[in-house]
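Both of the next two complexes hold chain A, though its partner changes from chain B to chain C.
Presenting the complex of A and B:
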């Protein structure tokens, strides 16, 4: 319990640092929201009026107080790009990002896990070679390259998937909308799966190869236990804590990676919103997106710690003692 | 259940009601390890037999092939290892058995006390879970019966009951070795294969663990094959000694006679080396 409290306090401290840096970094960066406006019809007076409307004419300390209040209340203020509350902008985009990342994460983890374990159990087989190759591809190719290649192959040369967007224009009604949505999301999700499963499979394979060589696994076999029990209850159960940790800690990276995927496939998600907000110095929008990303990272770190305790009875016992 | 499994179970029932000695026979066993394009002979034409009630020591220096022989019996040698010869358990050649049929023999007929029990327990399972798992699989004993039997076994090897709720890393070396013995006895096997069971233990704990093993083996009329490089330990526990060198058996005989009047030069060397060490320590 004390350990958990310490972790919670640590996480809170990290969030405070992120909140402060998030405010000042954007303001230190060259340019401001007004320099982005290049329309010649915008007079200096009009720009002044806009600055007053966005609160940029107030002292920095006052802006900081307003920023903290907005962030902690999760209202996030008004987007300078659209004039719409940032929370509303995020609400519209979050479902698309979740629809992209959740299936990609689940499928790549499941495929990586299955292939990784199979590769470890069948050394020298085709499966092991596939895992080693896919792992190398995951680590060697930039995601945008693979995604552009997929777009070229399956949306341009052989157009079985749409080139861009989350729905057709105009979007169909009823159940057809759902199919249309899935059709649009299929290629981006597929791209993330083939980019993600290899590294995970390679990691699982390496861990399982080591685990299967442990004396306790040989002894589990010596005890005449069924092979599946030896593999899953003894070997895999032993590597589960680090596997779950890796999975949870990769989540913020996957969300950050959504910036590229959503941009390549022109998806209306949080990642693309973050990129546009940063480019146009939309302080409230970019601040909110980065704050939420930091929150997710901290939550995943905390989740990994808690998960470690839950899946490893030895750590659980040590924690309850200490 | 497979045909071999049925035979195994029938045999267990039959042997319970008969006083006949079940024998484990090793006939012309040869073991060759393969790896990196090379073949390494570990054991050459090794033959011996052990019956229930026998206590046999397999001795020799490191690399003489004794652990390979021991691991060949429950068929736990690394994949790709070439094994020739026959291993007969109760007259049946177990080298021909499928993996599932072999699993029915492992632990219920032939159990293992490993070298350095330190790493032989699955780290995330309690000692009790290890024992109840084999009881559940081999004896179909679950729940309260399993826990009660685990408690009884742990008491048999001279450990406190609270050991059951602990993980291996929470035990001392001697406690782990005793817990490994309790686990090996769980299914009341015909034969116990002990691979250097006292390595890494202090002298007093070594003596206690060996006394516990030999006492329980004799009490339960099991066969014990003790693999060790420590000739005095083997001589103190075993009735018969088999001396191995470079994968072959060089001498065998009654422990006392073999120590007092060795026939082979290698056995003489082994005994002499020990005497020198003891003299040096003294």
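Presenting the complex of A and C:
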């Protein structure tokens, strides 16, 4: 329990840092935040009125309190470009980002896991070559390049997938909507899987190769256990905690990847919202999108942490004692 | 390190980046029509060239292509007329003395040639394959510029700039940003790691917690926001990248410092009254250097990819041609709908190649620092036929 509590505290600390960073990032820039939207011809009174609308005329401590309240209540204030509450614009985009990242993460870790173990068991086979090559690709090929190539091949030269967007325009109704959505999401998710499984498989292969040489695996084989049981229940079980750590460390990268993927495929997600907001200097909107992405990462991190506690008997025993 | 493929490639790239523009005669700026194909790709399309005719000269031209995209005539006519002889008949392009500035897309010019305002004059001037002549009867100096859909080794981009030139210019940005950002980050990570490992206590806890937090926040959104706020200059980018990539180095250096802190020779130094900063900077820092060399090489791909990612999102200086920028422009200005794969492949392969080079060098350095590594863990892929 203590370990879990510690992890919870850690996540809370990350959130606090994100919140503070988010607040000050937009206030350390030169000039005041209104210069982007206020026409120089505006009268000082109009400018003051606008400043009052966003609460920019108050002292910074009071602004901070209001900001924290807005963030924690998920209202995020008003967008400077449209004047609409940011959450109203964002809430339709969150499911798209989750629908992009979650299947990609699950598929790529499952594929990476399976291929990594297979590659470690059959050294020198085609599977091992594939793992080594895809690992090199995922470490050195820019994601947007691979995605652009995929888009070029499967959406332009051989148009079996749509070139852009989350749904067709206008979106079809009923069950057709679901198929249309999957059809639009297929290529982005596929690209993330291609880019993601390689690095993961490579780590698993390396750890599995080491684990298969350990004494306890030799012992298990000597006891005459079935081979698959030796592989999965002994060797793989032993490397599970570090595997989870790798997964945990890769999560921020996955969320960062969402921004680029959504831009390449013109998906209506939080990442592209952040890019648009940044480009149009819409600070409340950009801050909200950044906060949501960080929140997504922290949530995934916490999930992985809980799994870690479940998986590592040492941690579990320690926590049951505490 | 000697004669390893990656080091040779890196040397070639650096030479190309420094001397390439001069040796290869690469030209910046707009060269040819937008999305011209590479020269070797399609022999049915004409390249771009200029015909010059002076007093009474006849300039021959043999033509076996599709009609060109653009035809312009400039120069000066003192007397006489300019005749364009085609296999299907002759055209008098100009017969009034004076400065000439004619474009085949101009409606008055089309009317003068007897073509409808909506007709394509380039296809009328180049009706078939065969022998053509630009004929200046009289005195003057006239040049006719014919622009087809082919240009250079790698074609042109959406603005008609030479892709090969942009590629060579991009090497510089990638190397510069990748190496300087990693160097700064490594210095930062080394100092903080040494401090945290040697001093210990509250300092250690604070720095390491900070590292944990930074490692669990997605950095790209922060980089985007910072680039948006602080401006898109090249050095801003370097600065932003380096303050968010020192964490790994700090952890490595801290672990090393912890293992050395209580070593007998360090204790000896303390015993003879050496100051803390003297021990850290004169004894512990040199100890960390070989480790960091590999760390720098392995960190460069990350910085290059991050720079390329930001540029791809349009958050880089538009005046500085870089590979990420090239891909951003290809994506934004419809390279797909023009089928212009040559604007995408060179830049993308360039980034990948440079990252592979640095990964390979880094791995080699790492093996030299710690020979045990070469046996079991292969972080990059093994290539056949090497070693």
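By our rule, the second predicted complex is superposed on the first by the 262 of 322 C-alpha atoms of A that agree within 3 Å, B and C clash if a C-alpha of one lies under 4 Å from a C-alpha of the other, contacts with A are read in each partner's own complex, and residues count from 1 in each chain.
Rule of thumb we're sticking to: a contact is a pair of C-beta atoms (placed from the backbone, for glycine too) under 8 Å apart; a residue touches a chain by one contact, two chains touch by 3 or more.
The structure displayed is predicted, hence computed values, not measured ones.
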Fit or clash between chain C and chain B when superposed on chain A: fit
First, second, both or neither for A:225, with chain B first and chain C second: first
Greater residue coverage of chain A in the superposed arrangement, chain B or chain C: C
First (chain B), second (chain C), both or neither touched by A:97: neither
First, second, both or neither for A:259, with chain B first and chain C second: second
Touching partner for A:206 - first (chain B), second (chain C), both, neither: second
Partner chain(s) touched by A:108 [first = chain B, second = chain C, both, neither]: neither
Partner chain(s) touched by A:250 [first = chain B, second = chain C, both, neither]: neither
Touching partner for A:216 - first (chain B), second (chain C), both, neither: first
Superposed arrangement (fit on chain A Cα atoms) - minimum chain B/chain C Cα distance in Å: 12
Where chain A meets both chain C and chain B, residue numbers: none
Chain A - residues contacting chain C, complex: 10, 13-14, 17-18, 21, 25-26, 28-29, 132-133, 135-137, 139-145, 148-149, 151-152, 155-157, 163, 202, 206, 209-210, 248-249, 251-253, 255-257, 259-260, 263-264, 271, 274-275, 278-279, 281, 286, 289-290, 293-294, 297-298, 301
Interfacial residue positions of chain C with respect to chain A in the complex: 209, 212-213, 215-222, 224-230, 301, 305, 308-309, 312-315, 324, 327, 330-331, 336-337, 339, 341, 344, 347-348, 351-352, 355-356, 359, 376-382
Contact footprint of chain A on chain B as seen in their complex: 74, 76, 99-100, 102-108, 111-112, 114, 116, 119-126, 133-134, 137-138, 167, 169, 183
Chain B-facing residues of chain A, complex: 214-227, 229, 234, 237-238, 312-314, 317
